[in-house]
Structures are given as C-alpha cells and as structure tokens.
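Following are the structures in question.
What follows is a pair of complexes built around chain A, which joins chain B in one and chain C in the other.
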Partner chain A sequence: MANHDNIALMAHLMRRAGFGASRDELEARAAKGYEATVEELLNPESQPPVDPYELLRYQPAALLPGGQPPMGNVNYMYYLVTTKRPLEEKMALFWHHVFATGNSKVDNYDQLLEQIEIFRNNGMGNYRDLLLKMARNPTMIFWLDNNQNHGSAVNENWGRELLELFSLGAGNYTETDVREASRAFTGWTFETKIPRLPYGRFPWKFEYRPEDHDDGVKEFLGHRGHLNGEDIIDIVVQQPACARFICRHLYNFFVADEPQVPAWSLEPPRDPEALDAMAKTLRESNYEIRPVLRMLFNSDFFKNARNKHLKSPAEVVVGTLRLVGGYDIPKPGYGELSMQPSYMGQDLLNPPSVEGWHTGSEWINSGSLMARINFVAEQLGNQSLPGVRAIIERLKAKGTLAPDQLVSECLDLLGPVEVRPETRTELTDQAKQWGQLSWDSNPNAQTAAKRATEMMQLIVATREYQFA
Partner chain B sequence: MPLTTVSNGRTYDWSYAIGRAAATGTGFNYPQTMCLGNDGDIFVANRGNENNFGQRVNRLKLGAPGDEELLAEFFTWGEGDGKSQWPFGVAVDSLNNVYVSDEWTNAISVFHGNGTFIRKWGRAGSGDGELLRPAGLACDKDDNVIVVDSGNNRLQVFTGEGKFLAKYGKAGSGDGEFNQPWGITLDTAGNIYVADWKNHRIQKLSSDGTFLMKIGEYGTVPVASDAFAVTYLGPHVSTTPPAEYPKAGLLNHPTDVAVDSDGDIYIADWGNHRISIFDARGRPLTNLMGDAQVMSKWGQQSIDANPDMMKALRRVRNLEPQWRFCFPTAVDFNPKTDEIIIADSQRNRLQIYRKVRDYVDFQANL
Partner chain C sequence: MATAQKDPVLVVLQLTGGNDYLNTVIPYNNPLYQDNRKAVGIPEGQILAFDNEYGFPSYLAPLKKIWDENKLAIMHGVGYLDSPRSHFRSMDIWHTCEADKVGTEGWLGRVIREFDPKKENVVTAVSFGPCLFRALAVPGVPVACVAGSLERYGFLPNIQEPTQRQQVLERFSRMYQPIEGSGVMEYLGTTGLDSLKGADILKVAPARYKSDVKYPNTSIASKLRGIAQVHLAGLGSRIFYCDHGSFDSHAGQNPLHAKLWTDVSEGLDAFMTDLRQHDAAENVIVLMFSEFGRRVRDNGSGTDHGAAGATFVLGDRVKGGHYGEYPSLAAERLVQGDLNPSMDFRGIYSTILDKWLKIDPVAIVNGTYEQPAFLH
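Let's look at the complex of A and B:
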C-alpha cells in the first residue's frame, strides 16, 4: 500500500475512533501500523489521562458548574480537546448519545459530568455492567422519573426507555414487559441531596428502598419470579435483539449513518452482514464492548466506509480545535468555544430528548451548516495557532506552488479530503486567480500563507468536508 | 466527627464559617488566595467563571463569629485599569496598599485598601521583570512585592512601583526549582514559603532566595470502599475507615502555606481536600478536614430566604459532605487572634479554626 493510502486510512481511523489527528501524528501512527494503532486506542491506559487538576487550576468553576452553561461545557470540552486517549473519549460521547440525559431537566451539569465520567471509565467494558450502572445512576433515575416509581404507584418511564432505547428497540417486547420491568425497578431511587444554597452543588446518592419495592411475582420476556431490577437487566442481555440493537448504535456512530433509532424496527440496516458479525462478537464476548470495537475497526466494512458518515457538531468542533492547537489551557473564551457544538445543533450534556440526537443528514440545515463553516474557517484562518502554522510550514517546504498543487496539498493536509472532480475544478479555478505561490521573500511568503489559509477556508466550506 | 482536633500537643477548635456562593456581594466565587490587612481585615481574590461573573477582590471585616461585614469589592471583571480577567494573588503592604495579580493579563494592579485603583505594572514574557501567569503575591518588610511567576517557574521581586529587583528559581523538581508554583507566605524572619504545586511540596527559601527546606511528598488519601464521592475528584465521605491508614506528610497539589507564631506550618493540601499541619522542622503533625457543622451567617440568610432549601436541608440524611473542605486553596494565620483562616474554594466560604492555648481534656462523663 502506498504511503498516501496508509495516511488516508489512518486519517479515517483517527477521525472515527477519535477526533482526527495532525499530519505529524498520522505519519507517526502510520509508521507504527494500523493494527497496532487500533490496539493502542483500545487500551487507553497506555496513555496518560487528562489532568483534571490543570483544568481546575485555571477554571475552578468547571468542577461544580450547576445548571447554567457554559462551565459544564468547558469541563467536557477540555477533556475532548486535550485527551491523549481519543477512543476512550469517543466512547464516552457514544454512550452519551445512547443514554442521552440532559441538563434541560436535570438542571445540574455536575451530575451530567459525573455520568460522562462513568462512560469514560466503563465505555469499552461490559455492556451489562454499564447498563446496571445506569440503572443505579441518580442522574438517569431523575431524568426518567424512577424516583417516582413506587411499589404502590408504578411509573413506567425508565422501564420503557430501558427496553425501547437502551437495549432492545421497539418491537422486541410487549407493553406487559414494560409494566413488569418497571415494577422490578420500584424502590430504585436516591437520597435527598444537600441543597444548592448556600454553598453550591452536592451530588445525589443512589438508594434502594426495600419498603418501596414491589416484591411480587413478575413475568418478563418469558421469565417468571420475584424479579428485581438486576434480574431484568440479566434477562434483557440474553435477548438476541439486544446485541443487534447495541451494535446498530455502534455501526451508526463509527461506520456509516443509519436511519434514526425509532425507524430501526421498520427499516433494515445498511449492512446486515456487518451487523450480524458485530452482534455475534458481542454475544460471544459476553457483552464486552472492546472485542466488538477491535473487530469493527479491523474490518473491511469499516475501512471501506470512508466519507459515509456526516460529522457530528462535536466532531467538527473538537476535530478542528485539536487540529489547529493552542487550546491546551482553558483560557478566557473557552466558554464560548465549548458552546460551539450547541450552535451547530448538538448541545452537549443537553440532548434534545431521551432519544438522543438525530444523526446523519439531520445535523444539517441552513443555520447549522453556516455555523459549521464559519467556525472552522475562522479557526483555520488564524495563523497564530500552532496547528495552522504547522500546515503552512509543510506547504512552504513544498516550494513554489502552482494552483493545482496548492489545491492538492491543502486537500491532503486537511484530511486527506476526497472531493468530486467538479469541486476540485472550482477550487483550482479560484487558485488560478491567485497564480503561483512562492515563499522566496517575506512579502511573498506572507501572501502565500494568506492564500493557503484562504484555500483551506474554501475547502472546509465544501460539501465533502462535512463527511468523515 | 470532631470539631476539636488534638494532636502532638496542639489543639485546634473549629470556630465559624464566613460566606456563601455569590457572584457579587456577601459571599465568594472560587476564592484563590487571600491576605490579612494591617487592621485585621481580610482581602480575598475570587476567580469567577466564564460568564464573567464573580471576578473580584472583596475586603471583609472580621471579628467574633457573626460579626463579619463586607467592606469593599474591586478588581471586578473587565478590561482596563482596575479590572480583571483571571484574578489570582493578593498581598497587602505596610501602608495597606493592595497588590493583585491577573494571570491572564500578566499584570500586577495596585489599589488603596478601600479599592481605589492606583497603578498597575508588569508585562508578558520570560525576561527579567516579565511575567507569565503571575499567581501568589507577598509583601516583605521593605514593602517589596514577591511575585510567584508561575508560568516561568520562579519568584521575582519588585518594588511596589514595579521595578525589578531579583529572581529566584527555575523550572524543575530539584531544590530551589519549581513546577507551576501557586501560593506564597513569609514568616516573621522574612523566610519565603512557596506552594510548589505540581511538585507536590512546599519549599522554604531564605529572604535572599537560598533553598532551606522542602516539606511533603506526593500522595493521595486512601478512600474507603463504601465512600461517597462529594465530587468526582473527592472529597470522599464514609462511615467506615479506609483499608489502609494514610501515610503522614503526603501532599496532592498544595496551593498555599501559612506559618503561625510558633513556627508551625499550615499547608492547603488542595487535591486531598484538607489542611496539613507540620512543625517548623517539617514533621507532619495532623490534618484539618473541614468541620463547618454550623451555617455561616450569610449562608443562613440564604436558607432563611428560601423555604424550599430549608425543607430540603431537613430531609438530608447525612450533612457531612457539607462540613468538609472541597479543594481548599488558601490558608492564613492571624497572629493577633490565633485564628487559622482557610479559603474553602469550591464551597465559596472561609472556615476558621483557632489554635487553642488553654485546652483541657473534655469532660468524659457528661
């Protein structure tokens, strides 16, 4: 395989399993090898974690931010932008999509950040264990009203979403199953927390109240007994539909865009064979997520899925900030940066509903597209940022650039980005108006750098750049 | 849990708390450092947040519990003279002029004690007299200002007008070297104590910058298996002891230091959520964990004005997380009152202990 192909494949892996990478990093990883890189990503403990103390050193309000943005977003964005464990952070984002819990109701970013920390620490571990952690997670309990699910008065919100959105999908259970599952989770609640006045926020603590639990006989998905919540989760993961459901989420997030979750019972998957293979791996590994990811990233269906995934706003913003660099310290203005995904339609820590965000083409409308392009173009136009300077230095090393060379090199260094012939023609037409770029004098070098950033700004405005 | 801590012939009584979470007025917003004024008032530098609320220095009158008063607020968020982006260090000279550092603008602003702006000095860089993220400040007996030049990993000494006089230290982990230092204090002999934040230790230097002693080594406090995490970075509260007993003398990102009139040394052990006390030779004595079982005056006002909060507070099974320090950033000792004043940063309050001179064992048969 030619070196360029290696770089392109590595760039694909890093865009999906992380948030992109600089050319220096791609070259280093390509030299190390694809499978070795996959293993490193799957074993994040080989890299240092994000230093939370560094964040609090400069932005102490990011620890217990309460209900008002942007300090919770600052906290989350700092991890996303500075992590050296990209897949760990990408999996945390994945589970945030699946177990979508939002500040609109919770009114407490502290608790949402704690939930993200659970995803960060357990995201590649065992799905059954994670599901149980979510069932006991006070933030989830409050979000889906299980604190109002009493032995004498059942609230079905958690029981329904557990089956519909978190494990099986519509069509794989009955209304009776919803009722019985909900009964099994009665008494799963939390202690009253210390109120926010006068000293700021305190967390919830999970509490099981046996006196509020319905200990009667239940019938759930063919099983009968005095079932408690943990029994329900054990039965759920035995269902063939469970592995396929989780794997379809993984496929949609990492491989190629699927229809929205409510349509999954109606529309077949894009690649049933891939889904079967993933689900088989998940079942055979007793619901360990890491083996599925290993199989996925090393598969041909993943390697052949370049540009079949429309970047989420988080991927756009985080990928850009990691590319341009200079955001290792959460400096003033970080709050505004951390809200950028919200302006593009993905309000992190505050998904629109328990269903999470609608992905794929639904990310794009006239407003969100402009927000994407303007943000990325502004960052890439800032020559004071180290990542932008590094790209310009690489262009400079190529010497005098003819218009078609400028286009090719910029496309290469921004991805590589693969564009249609007509897009390339349009970009080249613009470059021709600038003529040849040379670096042989300070004024020429300044002009060349300016033109190079302008070309990159044009590229990020193309349709093709919105895909990963 | 004890409100009185007795150890190694010393006794510390928890006295009272001051403040509440407030972006303005009677409370604090992530206090980073503080300094006692000549008249016993205290100046507290508040960091604020990205909504540009809360940045300020507030001056408070101290007294008996409940006597606290807010006297002035200045160095609020904004651009230009007298305004701040990232307020951090605060120090007071013999004339009660107040020096405040701004980590973002790399400047030191000077105010009268009443908050009137006088001047500012400092510019970004790494040369002599240049600053990079200036943190803690201290004024020496000649009213020179010692700046913890955190980003440059050194101390710099200036006159009150900003003329460069001297520099001590460089980046590293050896004696006299620093890694992102934070707070600073001077003892009565003029020796310099610096919280060497990322080296997890306190360094003591002579007044001319010669290394004398270091205190502490990196370590975290053991956590019991059933512990409840007050934040995902601690502190942890448990009814059972941890499996292992914590080794004495461990520090986790210490942020500040104070020295009392007996030479005992108080360290804000920020990452371990405690105040660690050492004797003058650097031997560990005991720790204070936070004991705010009684509401502060202004805190009680917040509760009284919000019946829902009062009801919620009554429903809480265990209030211990509220007593505890949560990332204490700063510690001062008031020699006139024997009070140890601690900025309990994430709880936006000060907790005040008193070093008790006349303690007798409590009556055990009550």
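Let's look at the complex of A and C:
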C-alpha cells in the first residue's frame, strides 16, 4: 500500500507532468513506482491517443472550426481533458507557450490545431527538428510574416523572434545576425491562400521558392557562406545559450516560476545549478528533449519544488475537469467550458502576442482570481459528477468524521494540499460549526455530503490551492 | 454618498467583433454605398434618415430617438494609422492606447488609479463581462468584475444559505490576510480581499433598487440594468464597463446585425429611461465603440475586417450631432479596400478625460490628440 509521502510526490508529478490525477490513479501509479511512472509518461505510445472521430461524432463543427471561437477551443479542450497521454499533451501546451501563435492574426483555428498536433507528435523529440518544423509551418510563417520575407525585400519578423524568443534569448546575437538570419529564410513561404469564400477553407502548405530566396553570402554568429534557413537552425543549436534558453523555459513551466521571458537577459535564474545540469543533458543528447525531461522529473530540485508554481488557467480548468470527471465526451455546455481559461486570462490558441502569456503571479487580478475560484468551486460543489461522488465515497468509507478529520481528509483527497497553519485553523473552525459528520442515516449522509462539498469549496478558495 | 452620485460617471459599451460602420450610419444617398453593398445593403425603405445624407437602419430606432433629442454624438471615421485588422490586436490598441507595442496598462485602469490612488473605494470601477477587460487592467488596481448576474456576484456563489455564506466568506477574509513580505502570497491576499470587499459593497445595490422600467430579456440589457443598479445605489462608482457581440459579421450579416443592434439600442433606451426616472442621468455619459469597421465591399453575404469605424457618445450632457468627416468611399481613397481613418480614437478619449472626468488626458492616452467637442 502506498504511503502518504509517495502519494504526495506522485500527485506533484502528475500535476506538473500532466493535469493532475484522481486518487485511484495516484494510488495505482504509486504502487508501480515513481520512476516507472516517469518512464510511462515519457513513452506515451503505451497508451491510446485521443480519438478525433469520437469528437467528430458528437461535435462535427469542432473538427475544422474555422476562425471563430469556441469550436477551436472545444477541440483543444477535448484533447486536454480526455488524453491518456498526459505528458505528451502537457508538452504540446509547453511548446504552445513557447512558440506562441494566435488566432488574433491567423484567424484560423484549423491551422492552429494543426500546429498543436505538431507539438503533440514531436514535443518530446528533437528540438532542432521541431524548430525546423516551425520554420516550415505555414501557421508560424503567416503569424510572423515570413511569407512577406522576400529576397528583394527582407522582413525580419520571423528571423528576430527565432533568435529572441524561440532559441537564444536577447543578448546572445547582434542586429546583423537578425538581418542575416532573415535573409536566409527568404523564399520560405506557403502556397497562396485561397480566399475562404465561397469555397470554405483550404489547408495551408509550406512552399520553398528558390526564385524568391536570397542566395548571397551571409555571415551569421561567426559562420560565413551561402547560408539557407536550415543552416541557420544548425548554427543556432550549436550555441551554448540555446540549450540554456530552452531549459529555462522548461524549468519555468515544470519546476518553479521564473521572471517573464524579457527579463531573462537581466535576472539570473532561480536555480543556476539545476539549469546547468539540464542544459548539459540537452546538449549531450544532441537536443533530444526526452532525456532532459527524464533528468528533470527524477531530480531533487523537481521533487522539492512542490507549490512553487502558480497554476496557469489551463492547468486550473483542465485539472479540475479531469478530477471531477464526466467530461469524457463533448456535451452541451462544452463550448462555455472550453472558454473558461480565457475568462481567467489564458485564451488558448490565442496568446496575447508572440511573447506568449505572462505567467506566475501575472495570472492573477481581481477578475481572474474570482473566476478561477468560482469555477473550481462550482465543479466540486456538483455532486452529480463522478469524480466528486468518488471523493464523497472515500470520505464515507472513513466513517464518522470529527471536524479536524473532515479537514484532513478533504485536504488529502484534493491534493494532498499543503496549507499554512493559519489557513488550517480557519478550515477547522468552520468544520467545528458543523460538528461531527456521520453517514448513518439518509438525511445525515446527505448533510455530510453537502458539508464535505462545502469544505472542498472553501479549500479550493484558499491561496495555497492556487499553487501546484 | 449623495455628492458622490453627482460625480461624472463614464459607461463604456464595447461592441466586440468589429461593427459594420457603413450599415450603422448609412450614407444612403451615396451611389458607392449601393454599388459596394449588393448583398448586405440596407434598402432605402428601411432607413431612418437623419437628413438627406445619412441614416440609421430601422432596427436602431431607439437610438434614433436619442439622436432626435440631440443627445447622441456620432464620431466619424474613427481609428488610427496602420489598422492591423485583427480583432485582438485592434482591441488591445483601443484598450491600452499603444499602437506600436504591446501595452501593459489599460487606459481606464490608469483613470481608476488617478481617482483612487489609495484604493479607498474598490468599486470605483465595475465591469460587467466574462473577464477583466484589458482597458481596466493595471496591476494592483482593483476592479469589481461581475461575470454573471449582480445578484449572485461574489466568491463561492454556490453556498447560498445565509449563515453558511456569511461564515464561509468571513473565513475567506481571514485566510487572505496579507502576509507581509511574502511576495506572491501577499499579492494574492490583497487581490482576494479587494474582490471580497467589492462584492460585499455591491450586494446592497440590487436590494436598494426600485424601478418601473422593464428591461428587455437580453444579456446586454441585464448588464446595463446591473450598471443602473450600482449607479443608483450611490456607491461612488465612476467607471462602468460592459460588452456585447459578436459583431464579426463575415457571413449572414443582415439578420445578425439587426439582432445585435436591436438588443443594444433597446437596452440603452431602457437604461437612459431608468436613470432619468431616478433623476440620475445628468452625470452619466455612455461611450460606445468597436475595435474596427468593416470592409467597404461586401463578400456576398457579410463583410470582412476593415479599418475606420463610428464611435458614439450619448447622454443628457452630450451635444448631439456629427463630428469629423465620413471617410470617402471612392475606390482611390480606400486603404486595402477599407475606409481610411480620419479621427484618432485617442482624441475621443481625451475629450472624455479632459472635459468630463476632469483629468489630464496626456499621460492616460500617451499623447496629445485633437478633441472633438461633443460635450456641453
């Protein structure tokens, strides 16, 4: 039988490497062992992928949703909520944070979902290959205007963000490097977009136009030659700054909140040793992401980073929906559910800019705090949901609950959640108002269940619960 | 509180999605209008003319009434240079007044900070919409965000039993006491307590409210009714924000546009009537904007994203009439098929800031802009 510490550690792993897990799942995984679970997460092929035809059956409009919310959001939310490959999906979200591409300009969720699919399929593979895929991704090309980057007229948008936000970080290249990188990507475009009316949308396809490519000599980060885009990417990944930059992204996403990306050239990392170790692993594996993740999840710095990460809205919503259950097929109301992260400040598939979302405490304002608390509380207050019933059944199995027991058990089943002593006192005082809860008659059991859901609502309203 | 109620109040109604300027303020005698609007043009019989040049479609009748009272200002050709034609980017520009970079502070957030630097009144600004609009967002500036109905506004609305509710919210308040020097936990504490306090103050509004005015059963009308309730409760709120949409009429435009504007104009009519019946309209103006106008030539059933649009300000202290010039529809004057903006939206904000809210507009809108004189 798994002990409490193992469950707590497994819960931490599943919150970070996935979107949380039910107590049944945590127990099963803890019985298998921590490292075995990390391996299973790293090798998702052992679990079936999400079946898009299931989505199509219930929600045909979510398959090629066009430019308007919420059907694009429904599609993405369905994957997030139902996946049996949590790390694969979490990595897709990670890359979506990094290669932040938005519907605000793309105006085409079909293309954005296709980009997410690239992240899903390659997110734990080779970073250099992924970067090349992004350079050839029509959605990215359009988002950063590389279709307007011509041999005769250079547009630096993609060239600059490639270096500043996707690989090296500010301070690790010159303006000349931006210019030369941009020249190398001239002619990297996509087939002419066909107007959507009256034919409907056509998928975009990458196209290389040699006649629009500037084949002249370029000098980029100390290399000279008739460099093309792929050469630029090969040179970029040789830079020590590249491995550190990507690993800082991974650290910020999986371990503990770092300052916002633009501050990285100014503020030192939270844990330089951890970052060094991660960057070394990434370089030694020739930029394979999987070995870095393996090293990260098995490290002490990860295991000791409990509650050092403020949950993103996606983590709040998806984690809650997976916990309470009942959302494994699209049903009425799914559209509104899928918009919930946007109400909390994270409009999935539509980050505010190429810089991505500002994370950590910047998720919180007076509107978003109430939105996140009320959303989670509403779900956990709904006793018709299977996950909520499962929690109540577990409480019931404990028999009569004294006030401090009710608090302990609820904190345990919702996480375990660790709270400050002051918070704990308030929760216990509230439970004392209700007195001992028993399940020995129908009315008593109904009251006990109601009180239990109220206690859970109070717990999810705490500050501590906003962290993972 | 009685004096607070007479402080000037701004209500912003955001028409989300890009309202079609040409079909809202229709240049119905311009042959180019008929030429460009083969599919979605409004026939002359359905136009409420202001004069022999312009008119509203008939579904704006309640707004036409306000126009006839000379209390509706129409600002023409509103926009800014290099309109990006993206909903979200355009909306950002309207919200932050930053046209060239991504702004971090909302213009109204700055106004709230000016009004109440010590955060003495956490309901100085009240927003009715699904989330905090960027126009209101400045870190550390509290805004009460009413996402659903005002009656159920607050933390943990599921817990409704009065004693339970009171107890639970008191616990919440104690659990959120700021912990000095604790960084994020302290920030969370302040934010939580501000929101809690806001909810506590606002809950008196529906209880105090008595009115004979029937608002239509639409989402925008219920938001406007919420605004009326808070305004009439005299809680010192100065900025209200609400939204309606989506006006993004790429296809099937005419029935969609008609429904949206019927809802907005009937809602506004009820709102103004309500305020007037309570003798509380004098100190309120309503600013109504959309992030952009739409393409001049229709696409066969709707219109695509455009540039210049119309912005409206209405209220008893507003000098009704046309301001600025309707941009030319002539093909050679269009920019990528769109009306070329002739008035910067920051000028309209500047008038409101300078002449209505009485604060220096320059730091709020990031510059000096010509101010259309639409206020008495």
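Methods note: the second predicted complex is superposed on the first by the 464 of 468 C-alpha atoms of A that agree within 3 Å, B and C clash if a C-alpha of one lies under 4 Å from a C-alpha of the other, contacts with A are read in each partner's own complex, and residues count from 1 in each chain.
The rule is short, and it goes like this: a contact is a pair of C-beta atoms (placed from the backbone, for glycine too) under 8 Å apart; a residue touches a chain by one contact, two chains touch by 3 or more.
These numbers come from a predicted model, not from an experiment.
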| item | value |
| --- | --- |
| Partner chain in contact with A:Q68 - chain B first, chain C second, else both or neither | both |
| Which of chain B and chain C A:E422 touches, first, second, both or neither | second |
| First, second, both or neither for A:P198, with chain B first and chain C second | both |
| Chain B versus chain C as contact partner of A:D412, first or second or both or neither | neither |
| Which superposed partner A:P352 touches (first chain B, second chain C, both, neither) | second |
| Partner chain in contact with A:D234 - chain B first, chain C second, else both or neither | neither |
| Superposition-derived comparison: chain B or chain C, residues of chain A touched | C |
| Touching partner for A:S104 - first (chain B), second (chain C), both, neither | second |
| Contacts of A:P52 with chain B and chain C, given as first, second, both or neither | first |
| Which superposed partner A:E39 touches (first chain B, second chain C, both, neither) | neither |
| Doubly contacted chain A residues - partners chain C and chain B | 68, 197-198 |
| Residue ranges of chain B touching chain A (in the complex, touch as defined) | 20-21, 27, 29-30, 32, 47-51, 54, 85-86, 103-104, 180, 182, 197, 228-233, 253, 271, 295-296, 298-303, 306, 308-309, 312-313, 315-319, 321-322, 327, 329, 345-349 |
| Footprint of chain C on chain A - complex, ascending | 68, 102-105, 107, 197-198, 257, 310, 339, 342-345, 350, 352-353, 355, 360-362, 364-371, 373-374, 377-378, 381, 422-423, 426-427, 429-430, 433, 454, 457-458, 461-463, 466 |
| In the complex, chain A residues that touch chain B | 52-53, 56-61, 63-65, 68, 70-71, 74, 110, 113-114, 117, 191-200, 202-203, 205, 331-332, 334-336 |
| Contact footprint of chain A on chain C as seen in their complex | 84, 86-89, 92, 102, 127, 130-132, 137, 139, 142-145, 147, 154-159, 164, 167-168, 171-172, 174-177, 183-185, 187-189, 191-192, 194-195, 198-199, 246, 248, 250-251, 299-301 |
